[in-house]
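Given below, in the form of C-alpha cells, are the structures.
In the two complexes that follow, chain A is the common piece, with chain B as its partner first and chain C second.
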Partner chain A sequence: MIDVIMDGDILKSITRAMVALVSEARFHFMDDRIHSRAVDPANVAMVIFDVSRENLEAYSIDEEKTVGVDVNRIYDIAKSIKKNELVELKVEDEATLRVKFGSVEYSVSLIDPSAIRKEPKIPNLELPAKIVLDAGEFKKAIAAADRISDHVIFRSDSTGFYIEAEGDVDRIVFHMSEADLIEFNRAEARSMFSIEYLKEFIKVAGTGDMLTVHLGTNYPVRLVFDVSGGKARVEYILAPRIEAE
Partner chain B sequence: MLCVKCKGRLYCGKSSCPILDSFYSRSYQIREMDERPTPPSVFVGRTGYPKIYAGPMLVLGDQNPEIYENPSAFSSSVEEVLSLRMGLARTYRIFTVESAKNPDRNLSALQEIASSIRFVDVEGEYDRIIRKPSLDDITMPSGISAVFRKVRIVSNPKIPQKVEKVSEDEIRAVDGVMNLYISGFSTSYIQRVFSVGMLGMERKLVPTRWSITAVHDIIAETLKKEIVNFDSINEVLLFSYQHYGNHFEVILYPSSYSFQLVEIWIEKSLWSPERTWIGSDRETAGRKKEYSDLSGGYYAARLPVVEHLHRMRRQAGVIVLREILPEYTAPLGVWVVEEGVRKAMNSKPERFHSLDDALNTAERRIKTRRDRWEKHIQLYQQMSLKQFL
Partner chain C sequence: MLTFAEFTELCKSLEHISSTLEKTARIASFIKNIESDDDLYNTILFLSGRIYPEWSERDLGVGIGLIYEALRMSTGVDRREIENLVREKGDLGLSAEEVVRKKKQTSLFQEELTLKKLREVFDEMSDLSGEGSQKRKTILLSELYISCSPIEARYLTRLILKEMRLGVGEGIVRDAIARAFGIDGEIVERAYMVTNDYGKVAVSAKNGGRDALLRLKITPHIPVKMMLAQVAESIEEAVRDIRHLGVEWKFDGTRVQVHYSDGRVTIYSRRLENVTNALPEIVREIKSNVKEGVILDGEIIAVRDGKPMPFQHVLRRFRRKHGISAMVEKIPLMVYFYDIIYDDEEIIDLPLMERRKRLTKAVREGEMIKVAQQRITGDPEEIRRIFDDAVNAGHEGVMLKNLDSRYIPGKRGKNWLKLKATMETLDLVVVGGEWGEGKRSNLISSFELACIDEYGNMLKVGKVATGFTDEDLEELTELFKPEIEAQEGKKIIFHPRYVFEVAYQEIQKSPKYESGYALRFPRFIRLRDDKSVEEADTIERVARLYEMQFRSKKHQ
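This part shows the complex of A and B:
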C-alpha cells in the first residue's frame, strides 16, 4: 500500500520529465524518496528524478515498492491539476494507481514493472566545468538555436559559459559571464549536443528554476534542474555528438 | 526555387503545372461497358479528403498486365516506362474514407483487387473519360481516367491467406504493416492493402500518396528501434547505383545510427529547370517527427538502408547522396528512389578507412562540384551513453 500527497506541480514536473524520453517507467517508492530513471530507446539520453520525502505533504508506504507507470497517461492527467492544488497518489493493489485531486479521482492501470525496458546504469562521469544558471535563460538560448540548427555547442572557459549554434547563413552565440551566472568554476570544456533532445528537456523547467550544467569535452553533459520550487530534482544526461573522422 | 519544393502541388498559383502539362497521354480508349485486367493496381486519390476518388487501375495497353506494376520488369528508359504506364487508366468514384469500416460492393471489389498477388479481370461501366494523365513525385504515373458506375471482378483474385488473416485481426495498422512485412510482402503490396483500408482497428481509405510514405515510415521506424541496440560497423562502406537519371551514393560510417539525405537537382532536371538546387534533411535514432522537407523521397531512400543495417545487425552513420540528372524527364514516383537505393545496397560495397576517402571516391561519380554539396553534409556522430559506462 502506497499513499502519497504532494503538490500537483511536482507530479506534473516529474511526469513531464519522463515523457521527454519514454512513455513508461518504473517508479520506486523508497523509504526516503520517490525515484525513477529511464533511458531513451536510442541510448543517447537518460532522465532521473528524485523527490525526497520531506518535500511531500504526506508519505506512507508499507515497504519499499516499485510500480510500472504509463507516464504519458499520468502526465496527461497531471496537466489539468490547478496551481497550488494537492494531489494524492494511492496504490492499494498491484494493478491500479489512483490519482486524486480537486473533486476527481482517476484510476489508471499499472504496468508490470518487469515488462518495462531495463533501467540504465548511471555512467560515472568526470565533468570539469560546473555552471549554475537560471533555467529560463537556458531555455531561451535553446529555443533560439533550434530555429537555425539541429545541434549546439556548449562551451565554458575563464570568460564565461557559451551556447553556440550555426545555421546555413546565420549564427547564434549566447554568452553569460561569471557575473551573470549563479555559480561558475571557470573550467574549460566544450561538447556538441543534439537540439532535438535539449528542446524536450527544457520543457520541464521555467524561469526561476535553477539549472546546474556539468560539462566536459566531447563528453556527456549532466543537466540538473531544480523544479517545482526546488521540491523535485530532475536530471538529464545527454551523450554528445563528435566530429566523424 | 519553387518547383523543386512544390513538385506539382501548384504553389505557384497557376491552375495547372507547366512541368507536368508537358506530358500527354497516347490515345488509349475505354468503352462504356468494358472488361479489362488490372495488374493489380488501385488508385486512392487525396483531392476532397475525406470524400475521395478511388478505384481500380485498368490495363488498356497490350502487354502482360502484371508488368505495369512491377518496376523490376520495366525498361531502363524514363520515356518507355512513362509510355507503358500511360497504358494504365485510373477508374474511380467517390468514397468517404470512413466507408472502409463497412465496405459496400464496389469497395469490397477494390479490396479484393488490392490484395490479389496476380492480375484480376474487371468488368465495369464507365463514363466521363478524362484524358489528362496523372504525374506525381510520389505515385507511379498513369494515363487517362474514367468514372465508373460499378465494377465487378470476373476472374478469381489470388489472395494469400496471411493477408486475409492480418486483415481480420483486431490489431493496429502499424502491427498489420509489420506483420505483412516480416512475412515477406513487398512494400508496394503493403502500400496497396493499406490504402484500401484493410489494416488497423480504425479502418479508413488512405490516399495512395500518403500510404506509400506511411508504409516506408512505419517499417523504417520499427526497424530503427532494434538497430540502436546493435554494435557500430568498424569500417567505411560506399555503395553506388544509377537508374532513370537518378544517381545514388550511399556511405555507411562507424557511428551510432544517423541518417542524412542530400538531394542535388542538377540544372535542367525535372523540378529544377533553371539552376541546380541542393537540399538536405537528417535524423538521429529517435523517431523523426516532422515531415521531411524532401518529401516522400526521404522516406523512400531511408527504408532500404535501414533494412540493410537491420540485416547486418549493425548500426552506422548514413549519408545518401542523390543526384538527379536531366535524363529524369518525368516524375515516375518514389519507387525510383526506393529501388535505386535498394539496388545500391545489394551491390558489393567499396571499403575505406576514412569517411574522407569514401567521399573522395563518391565525388568522382557526382557531376555537381563537391564544394556545392559538401556543406550540406554534417560530419558528426551521435555518441551513445553506453560508450561512457
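This part shows the complex of A and C:
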C-alpha cells in the first residue's frame, strides 16, 4: 500500500520530465524518496527524477515498492491540476493507481513493471565544467537556436558559457559571462548536442528554476533542473553528436 | 561466448573468397573452435541466412519498412536518405552499413553484441503478435542497430532479410561440417535431409560424431526434403537407361508432404512451409482415409467440374490465412499421392515398388484423395499414349520412375525423370518494377527480372510487362508492396523474394543488362510461390539455353 500527498506541481513536473523520453516508466517508492529513471529507445538520453520524502506533504508506504506507470496518461491528468492544489496518489492493489485532487479521483491501470524496459545504471561521468544558471535563460537560447539549426554547441572557458548554433545563413551565439551566471568554475569544455532532445528537456522548467550544467569535451552533458520550487530534482543526461570535420 | 563482431569478421572474409574449397576450409576451422552448442547452432544457421530452420513456422515478421524505421530511430537518418543509398549501392545491407557509419548522434550505452544476445532478441521478436507488436519490434531492432559497428549493421540487415550474400550454399555448409568434425560428407548430408536443420546436424556431429548423425532419423511432423526429378532427354533414352520403369502422370499442381501421426496432420509445401491451416478439407479427408503413422509424398491439384485448374489456384489457396472456408468452396482441391517415406518407421531405403505397395495399403481412395495411377511399362509407344492422355486431361506430362530406386530426399537424380509438354521457361527473381500509367497508375505493371550466379548475385535479364490480367496485377501489387526497398519516380527496387516463371521468344546477347543476356518478348506465366530465390534459374542455365537455340536454328 502506497499513499502519498504532494504539491500538484511536483506530479506535473516529474511526469513532464519522463514523457520527454518514454511513455512508460518504473516508479520506485523508496524509504527516503520517490525515484525513477529511463532511457529513450535510441539510448541517446536518460532522464532521472527524485523527490525526497521531506518535500512531500505525506508519505506512507508498507515497504519499498516499484510500480509501472503509463506516464503519458498521468501527465495528461496532471495537466489539469490547479496551482497550489494538493494531489494524493494511492496504490492499494497491484493493478491500480488512484490520483485524487480537488473533487476528482482518477483510477489508472498500472503496467506490469517487468514489461517495461529495464533502466540502466546511471553512467559515471567525469565532467570538468560546472555552470549554474537560470533555466529561463537557457530555455530562450535553445528556442532561438531551434529556429536555425538541429544542433547546438555548448562551450565553456574562462570567458564564460556559450551556446552556439549555425544555420544555412544565420548564426546565433548566446553568451553568459561569469557575472551573469549563478555559479561557474571557468573550466574548458566543448560538446555538440541535438536540439531535438534539448527542446523536449526544457519544457520541464521555467524562469526562476535553477539549472546546473555539467559539461565535458565530446562527452555527454548532465542537465540538472531544480523544479517545483526546488522540491523536485530532474536530471537529463544527453549523449553528444559527432562534429563533422 | 561468440561475439557478433567475430561472426561478422568471418562473413567479411567469406564474402571476399571466391574459391569454394577455401570458403569451406575457413568455415570448418571457425566452427571447429566454437565451444558452446548454441553458438555453433546459431553460427551455422546465420551463415546460411536463416534465423530458424527453413521449415519452422517461427518468423521475425520484419519487413523492409520496419528496418528503415529502426535505422532511423537508431541513427537519425530518415527513410528517404537510406532509399537514396539503396539506389546507389543496390543493397540494403551495404546501405545500413553506410548509415551507421554516418551516424552523427552517439549513444549513452553500447552493448557488445553476441550471437546469444541476437538469438534472444530474435526469439522475442518472433514471439510478438497483435497490437503494438510492430512498434516493439522496431524498438528491439533499433537497440541492436545502436550497438552495431558499421560492418555489423551490414550483416545484421542481411540476416534479417535472410540473404547473407556470402556465396555459402548448402553444399559448403555440408562440407564444412564434414571437415570440422571428420565425418563423411554423405553422412552429413543424409542427416540434413532427414532433419532439415544444419544447425542441429552440426551440434550432433560435434557431440556424437558420425554415430550421432547416423542415429538421426525421419520424424513425423518434421519435414523431409523432397526427392526431385530431372528432365528426361527422350522417352527412348529413359527406356534404355531404366530397366523397371513406372510411368505416372505429371500433375499440374503443387507438391505436398503429408505427415499423419499422433492424431495430427501436418502438410508441408515444396518449400517445406507448413500449409496445414490453409487446407482444412484435405486434413479432414486424410484423417478418415489414411492409416496413422505415415509420411506421404504427393501433389495437390485444384479441380472444377472434374477438370484441373491452373496450378496458380493451388498456390492461392496455400497463401490464404483468412477466409479459408470461402476459398474451400471457390477452389476445390484434391490430392494425388505417389510415394510414402515413413510407415511406422523410416522406409526411404525400400525400393519404389515396395513403397508403392505400402502406399496403396495406407491410403483408401476417396473423392478428394487418390493414389496416382502407375503403369509399369518399357514400351515407348505406350508411354507416349500415357503422355498424350495426361496432356489432354490438362496435366503437364509424365513422370518416369525407376521402380528399384530408393527415396533420396533433396536429390535431383536420374531415378525420377520428368517429361513435359510445354516449352522451356525460365524461373527468374523479381528485383525491380515500375508503376503503371493512366488507370493502372496505382498498380505495379512491369517487373524487372534477374537470374542468379553461384554467389547469389542477381543479374538482370529483362523486364516483363505482358501476360498479366488486371486481376494478376492487383494481386501482385499487394504482394510486392512490402518488398519495396526504394522508389524513384515510377521505378521501384524490390527486395528479391519472389520468383516468376516467364516464357520468351528468344534469348539474345545484350550489353544492356549485367547478365550479358536479354529476353526477347518475355511473357509472364505465373508466380512460382513454391520456389525460393535460391532455386531460381542460374546464369549458366540462361547461357545454355542461349547456346541451344543457336544450335537448333542452325539445324533448320
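FYI, the second predicted complex is superposed on the first by the 243 of 245 C-alpha atoms of A that agree within 3 Å, B and C clash if a C-alpha of one lies under 4 Å from a C-alpha of the other, contacts with A are read in each partner's own complex, and residues count from 1 in each chain.
Operating definition for what follows: contacts are C-beta pairs under 8 Å (C-beta built on N, C-alpha and C of every residue); 3 or more make two chains touch, one makes a residue touch a chain.
Everything quoted here is computed from the prediction, not taken from an experiment.
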Fit or clash - chain C, chain B, common chain A
clash
Of the two partners chain B and chain C, more of chain A gets touched by chain B
State whether A:Glu126 touches chain B only (first), chain C only (second), both chains, or neither.
neither
Contact-wise, after the overlay, does A:Ser194 reach chain B, chain C, both or neither (first, second, both, neither)?
both
Using the superposition on chain A described above, determine whether A:Asp93 touches chain B (first), chain C (second), both, or neither.
neither
Does chain B (first) or chain C (second) touch A:Asp62, or do both, or does neither?
neither
Thinking of the overlay built on chain A, is A:Ala45 touched by chain B (first), by chain C (second), by both, or by neither?
both
So, does A:Ile237 touch the first partner chain B, the second partner chain C, both, or neither?
both
Looking at 8-16, 314-322 or 350-358, which bit of chain B clashes with chain C?
314-322
Shared chain A footprint, chain B vs chain C, residue numbers 39, 41-46, 120, 123, 194, 220, 237, 239-242, 244
Residues of chain B that touch chain A when the two form their complex:
225, 228-229, 253-257, 282, 284-286, 317, 354-356, 375, 378-389
What residues of chain A sit close enough to touch chain C in their complex?
39, 41-46, 120, 123, 194, 220, 237, 239-242, 244
Give every residue of chain A touching chain B within the complex, in rising order.
39-46, 120-121, 123, 125, 150-151, 168, 192, 194, 196-197, 219-220, 237, 239-245
Can you tell me which positions in chain C touch chain A when the two form their complex?
73-74, 76, 103-110, 139, 142-143, 146
